[in-house]
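Below you'll find the structure I mean.
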Amino acid sequence: MSTEILTLFKIIVSAAFVDNIILARYIGLCPYIGMSSSVANSIGMGMAVTFVMVLASIVTWVLWNFIFVPLGLEYLRIMVFILVIATLVQLVEILLKKNVPNLYRAMGIYLPLITTNCAILAVTFLGVDYGYTLLQVVVYSISVALGFTVALVLLAGIRERLRLARVPQFWQGYPIVFVATCLLAIAFLGFKGLVK
Amino acid sequence: MNILIPTVLVGALGLAFGLMLSFLAKKFAVPVNPLVQEVERVLPGANCGACGFPGCSGLAEKIASGEAPVNACPVGGPKVWAELSRLLGQEGSSWEVKRAAVLCQGGKGVAQVVAEYSGVASCKAANLLPGSFKGCRFGCLGLGDCVRVCPFSAIHIDLESGLPVVDWEKCTGCGKCVAECPRKILALVPRKEQVTVACVSPDSAREVRKACARGCIKCQVCVRTCPEGAITFENGKIVISREKCTLCGLCIEKCPTHCIIRVGKTAALLEVRG
Amino acid sequence: MKNILRVALALTVVCVVAACALSVVHVVTKEKIAEEAKKELKEALGVVFPKAETFTPLDLAAFGTLPESKDIQFLEAYEAQSGGERQGLVFKVASTGYGGPIVLLVGVDTKEGKITGLKVLEHQETPGLGSNVAEAGFLSQFLGKSLESPFRVGEDVQAVSGATISSRAVARACAKVAEIVRGEGR
Amino acid sequence: MMREFWHYFRNGLLGENPVLKLMIGLCSVLAVSVRVENCLGMGAAVIFVLTCSSLVISLIRNFVPNEVRIPIFIVVISTFTTIVDLVMKAYLPPLSKAMGIFIPLIVVNCIIMARAEAFASRKPPLLAVADALGMGVGYTLVITAIGVVRELFGYGEILSHPVFPRAYQGMMAMILPPGAFLLIGISIALLNWSLKKVKP
């Protein structure tokens, strides 16, 4: 039992910090740059990503292990997984709009952005690649989403501060954001070697 | 066989997902006001956010429901507003066109400077320092946050006075500068000639006198002078009623600190120095 | 209702066509992919055991209880043969380095009791530092080493500068393989 | 028609370069651009997927019901991505290994989905192909330029051929994530600067 918990803990730390999906793996950069202009936005996006990521990895894990691996259809993985994600996103959008309009208003505008968020697809792939159990996949996807949100909120905080700063003309806008990301990535390099 | 199984399987998945999506889309359909879509079509679609709503679709929703005025989109300008008011059946109703005005005259040589400031050249940053570098806690810092935020380059800092000047020809009344100013010195006013108090300080006469030569000292001479009774003193502030004011200019003459000014008189430029 | 069916059918048709196309491509490329994988393995095995001509996979269970720990894992074993005669063994081992497991092949000449070669197949070490353990410069010092050597970084193995942990992982893999082969010999 | 074709092609190349101007498709740019070889492979893969899926989507655009628009587009895109994945595995195994998970991730490369939504689903096939080619080539140019700088300074090599003397110690910063972020920031700043220089 205790080793199981230890494994889960390891998954959390490595997924959220050591192998941070944005800063160490360069996955999910588009929403990272696009949605980090304010802390409030970034939290909304983080919530939406977490929600879809967990759902998607559960569904794809089940499909994968009970249908596609037994039938030897591994090569259909890309198509099926992305189809599941696209459908899921749309379903979530429809259901939220009707049943929980408040939540829809809070994260609805981010949902369409999620279909093409490579982080989600990457997590479903990595989840089955690593051969995790269902519980581990759930924990893994939550921690990746946590790492994503942390990176997003950190950058949003920096960008809010950056507005006070005088930035050289040609560095205004995206260039300075990438420099900030570079410094964040250096900081996250410090986590490397934490999990053995 | 190699081709049949995957084809059937993925086909079945596609069918299931397709049924699910279209069924749920119908079952849980939220009636969308067709007006919203029409409004959105009229709006510029730049999603710039100058209106303060989440994108053009967000604004379209608010305009259609009447929560936002038809002229809420500053970028679209009168053409879009007219189109929208026609759409909403509000034709002929007059919306107020607004412009930004600077309500402070405490520029160089007018307001007291208590310290030399050499920090980050931004009003927001300077305002974080207790008391800042000016004697008046409410006056313009002149570091130009409004200039930088203006999407239409309608504001510049006047070199002589060190205060921002709004060009009413370029200004669209989007209100970004009003939101940006940490001291709330900028305000949106109707685009027409008017008389207004160019000082937002609520301080007492002695404090104001010490800090600035053009501050309102609440002497209420203007209240007594106005032949129309358009000027009142409410909650420690001078209020000039635009309806009653006849723009006679008596108050401007009588004001001992010259803090009442005429706005929008010549070429729509705000005369900051009265 | 009609509309629902129409929508669902549209998606189904696209899915069916897509799946059809994919399975055709899959059938065409399947053999080639398997062949490439086999060729790659053969090449890698050839590098760690140049003398042998054929390699046959062995069951790991044949080696009794393997030293299973969180730092090291035995994945596969092959028998290296030349002229139908057993020359040595090749092990595929995963040894934990700095960024994750370093998967490498270790070739052992069982007749002379020597390491015949090493090859790193996969690793996630820091590029520019730890990644150097996959280079010939580091790996060549293991060549021809006796199985009785201690395989300890700092004693008989020179670590890659700035990558002690990665170097240790490789040395550890060799030490464990040597241990097993010695145990088998007795 | 030909005139329009070139117009849209050039648009993707310069005016609306997907990476530097529109800020989409960044993930693969940063992840793959360690070696020029990988960049060229990735560029070719993206051009293929983008062009083929734009063509198909443009052809079927009138039959696609709105409710399942996105699933259908994404199935089309993923089909071509899987084809690239399988073909690369079969005929270029080392390249496929070097790019790892980023080949499957082409499917969610925002460039492709964005172009499908914004362009291919509204325009006739020829123009859709023009746009796709322009965007694809624009993407490849940027990624290769970044790849050249990273490989040159990171390893002292170009296409795995040594350029600098052997004593050259690679700059680790260029290979690691921070360097990639810094480099793309510098490229955008340079682009801003050059655009200002050309037309003040």
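The letters A, B, C and D name the chains in turn, as written, and every chain counts its residues from 1.
One rule holds in what follows: a contact is a pair of C-beta atoms (placed from the backbone, for glycine too) under 8 Å apart; a residue touches a chain by one contact, two chains touch by 3 or more.
Worth saying up front: this structure is predicted, and the values here are computed from it rather than measured.
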Chain occupying the most central position, where position means C-alpha average: A
Chain pair showing more contacts of the two, A-C and B-C: B-C
Chain A and chain C, separation of their C-alpha mean positions in angstrom: 31
For chain B paired with chain C, centre-to-centre distance based on mean C-alpha positions, whole Å: 66
Gap in Å, rounded to a whole number, between the CA centres of chain D and chain A: 22
Separation of chain B from chain D, taking each centre as the mean of its C-alpha atoms, in whole Å: 42
Multi-chain contact residues (two or more partners), chain C: 3, 7-8, 10-11, 14-15, 18-19, 22, 26, 126
Junction residues of chain D - those touching two or more other chains: 65, 67-68, 71, 75, 78-79, 82, 86, 176
Residues of chain A touching at least two other chains: 75-76, 79, 83, 87, 90
Chain D contact footprint on chain B (complex, rising order): 14, 17-18, 21-22, 25
In the complex with chain D, residue positions of chain C that touch it: 3, 6-8, 10-11, 14-15, 18, 21-22, 25-26, 29, 32-33, 36-37, 40, 126-129
Complex contacts: residues of chain A adjacent to chain D: 23-30, 33-34, 75-79, 82-83, 86-87, 89-90, 115-118, 120-122, 125-126, 169-171, 173-179, 181-183, 185-186, 189
Residues of chain D touching chain B in the complex: 65, 67-68, 71, 75
Residues of chain A touching chain C in the complex: 75-76, 79, 83, 192-193, 196
